[in-house]
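Naming follows writing order (A, B, C and D), and every chain is counted from residue 1.
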């Protein structure tokens, strides 16, 4: 199920999607524009673009630090919308942020003004890590009104009724959390992925897997396990952070991001081939 | 989620999906053990509160204040609870609940260190491993409490992100919980966070007003005209109010930290106060919808108060609701008046209160006519933890109370 | 003097003539108000102990220690009393008595500052001007307690004579009293000094064993096999023993500070311990005949203990007598074992005890088989005042208990 | 009433007695010998010679400090007895000390061994400020056995029964405390002296008044008020302390003490004349 045709299209191609994340405005507005564009060049199919919130309770240290950098550099919801408009990319953008920013935007409390503006600047949907399905009705309604999608995160601990409720509400894609814990690049991808995917086998939305994917091989593995897409955040933010720390030229950092994106996308493609071969047996 | 998890539009469960199963498990445990006393949970809790905690705490007539303000002032002495503050009611309840739930690890956040020390004490008492998250800045300015936690065998994990204070510590503890949720219980320190925390923490603190109400009826043959309590997150507040909420004639006054000013600096993202109930705007923070100190974008602001325990940008959703309903009156008292209240209670009654508590006495002083003939004030904690702060902050000011500071300055020399 | 002022050959009234009338006046007041409850004195005292002090204090079963030592260990929680130690029982009693006697000024000596803070609190509570004599050395090493006294409105008078510690402060307070005896009451801090102080201070603390005995009978249906209490001057000790003295089957164990050694350095006039009951010789000090740490000439020796509150060269005459009679067993525990007891109680029971109190737990650890099936231990105070000392002293030693000290050292850095 | 003939003789002369006090061994053994001898030369009729105790609860700061100096310089009870033997003075010496030192001396507890030794070296009596009449039986008995006197202090607050008990026990002279408080030189002598003296008018021991006498005029005043003797301590100790502080030669300090003693003795004599004149009216 999908509201937004662009987002739907990204998953309808006959290959796994590569879904990178960066925090908008990290480490500053201009560099961040370059970095997001580099991801697109590297093969991103969808980009999760973080709008920084001051209390990011679902993020690990890497992304927290990125958020602090972006906030310090002046990122705000209005600047974020400008940022989206300024971006010269051809892939659907999903806004990843916390509910309070959606709730406060505009003249009245509630998510509708934010969603309206998001639609206006061409965003295609939302991931809101602190908004469970139970509290999501107002945002769901606004998304439906403006043809945007609302992605939910399925955790390894999500079962039974909770899954059903999420299935009713989700659109665009479902974000499958590969392991417990907050975001952060790890060295292996948990076996839980397969189990988690099997629980939502029959949902009619694409399944993108994230949390801890760091290398092409990780991407390959989760795609082989059945994922329709690979979500990668911290591994990319690490490159931005290192560049910032070493005062590297923006162009160099952008190149590294493009290369990394390419590696991850290729990994996902490799995974798809392997899966095809395996099911071909 | 059961509808009882909401207070009007406030409350709810705004948490990462990974935590939802833990929250559901906790809700179930709360309903069974706390509400239904399954396996005698509440009996054991009450017994331990009595023997380990020192309950009931007295309701004391304040001779000097009553005379000064020409009204009968009674003090609910939560400062006498083990650990020196009301905090233990909740910490003991939650650690015990974790034990009943079969968890084998406790985590908690702490700001000033009061909730951390209460949790560390409860965890030691119940033989549970315990880790406390505390901002690096707070660690440095609250050393005695860090020592106490460590002496009780708890690990203290410094949080270096951001300003390194309470709200960063809460976020960090939530992160730990998201990773360890199957074995670990997160002991939240006030009536904040996702449901069932606000209900549950209130119920563990409810014993305060339970006793107050009974003591008032026993001793005075009547209910008070008003109940005053300071409000940070609001746990001592709801503890002192809960049993009086249905007594319409009893005024419930929540005294917030007015800090140095009620005026906000949007550019810096700073509110030089913690007057969330009086000035906050509805929003979502740390798992609940409630009133918040935030800028117009919805970014959470740095709050401020001379008392670390009130220095929080949120407030319990139930209090936000009761304020909107007109049942609870939010008032606020600035740093200066709080310090004066601190000195007055110390000098006149021989009780050195926590700086948090002192705000309630600041209010009494400024509004002696507003509290009726009989007022009960919750002395939420003792001030041993605040000595250095008070001396430093008093020195900076020209207070309206006679404090001879020179003796402190020179106490190494010619005192 | 009435014969009740003696305990065997101990006790008496060895004071300057100028004080004798005050002592007689006090004896008279003691007999009328305390023994005969004239004007309802004892009723008011008990009521204030309850409401202001927080009595009764609990008798708590110690789960972890009981298991560890395979015996039922109960803790009498005097640490929960207002001010953080048993001291308030006495301070409140004496300040109230002074009020009944028409005195309008309070003086007291203090060593570690515990008695001084208790007296300052009681004096503030009862609206009496109060001056505390404290050795210069003690002032410098007990700053938080100096702050607390000052915050409660008491003057703190530094005593610079000699080593500037407790015994000089006692002498100095006696001097003040000799000058101001008509208007002033001297609130002595333990069961020492001339009669009627030892009897009177014991009677104000008697409530401890009163409650213990009743709690024991109520809860266990029996009396304990033993009662343990630390002993400095011996006020918490006699408070915990008094009501059990006639129960011959109950062992009464007074745990003194063994310090670093029981061996005396006569040349330096130093006893590196405060084990007066175990090693002292009969003599006369501060108004009473009792056991003393003294050299062969009769000069009083410097005593020593890691815990300031036990660091005194004398002891209550009644305890000296009960020891000679074989009714009380004096034992002693060194600094190391006391520190270990401190850490053990903190880690295993979630109670940070005063270092004085910790000696009793040191004894329990070393002699778990000597205390019978049920032992009651008087937790005479809480350890907040001792944090710095404990950290410092623990660092110096290789203790037999697991304490991770590094976290303290580096808490400003990489903790 | 008196046991000791030498002490009795000192008060039997037809003039008021001058009774100075110094702490033995202050600031050191040899200097202290010189100072005590200087007092004798200056006109002392009786000398109260302090044996320093570590906890002198009845003394003011001046004498406390003297005691600390003497203890630091090694004064002990045995050295004290040597000191008395070494002294070349012709006036009766009274030992002023605290009860514990008397009590501990020798092989058995109790004051007897000390008193025996005191008699042996020629002391004539005792002032023990922390020994009230009620506790004095053992010391009284030992004094009687060895013909020494036991002086008690009558305070301004001493009345009724307490006076009676003291009257029974006292011998040698009675020490009338001129005011409340501990020892220490003051600028005036309280009017209480006369009242205090009138309370013990009919006692058959000499009455010496002390506490706060600092100058010849003070001595004159209290003798005029009826005293048989003037006791002076702090004003003399002050001279020792100043000498010590300024490192003055011992001989100079001794001269000053002699001069001061002379002034005080003359004051007492003047007082006696004034009294005689007054009663002659």
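Points worth noting:
Operating definition for what follows: a contact is a pair of C-beta atoms (placed from the backbone, for glycine too) under 8 Å apart; a residue touches a chain by one contact, two chains touch by 3 or more.
Remember, predicted model here, so these are calculated numbers, not experimental data.
Ranked by distance of CA centroids from chain B, the top chain is D.
Chain centres here are Cα means. That of chain B falls 34 Å from that of chain C. Each chain gets one centre point, the mean of its Cα atoms, and the points for chain B and chain D are 66 Å apart.
Rounded to whole angstrom, the centroid-to-centroid distance between chain C and chain D, based on C-alpha atoms, equals 38 Å. Judged by the touch criterion defined above, the protein chains link up one after another in an open path, with no loop closing it. Listed by chain label, the pairs that touch are A-B, B-C, C-D. Chain A meets chain B in the complex at residues 53-61, 64-65, 68, 71, 76-78, 98-105, 109, 129-132, 134-135, 152-159, 162, 166, 177, 180-182. Chain contact summary for the complex, chain B toward chain C: residues 50-52, 54, 57-61, 63-64, 77, 79-82, 84, 120-127, 139-140, 143-144, 146-148, 150-153, 156, 158, 343, 346-352, 383-384, 387, 390-391, 404, 407-408, 411-412, 415. On chain C, the positions that touch chain D within their shared complex are 1, 12-18, 20-22, 24, 161-162, 167, 170-171, 174-175, 178-182, 269, 281-287, 292, 294, 296-300.
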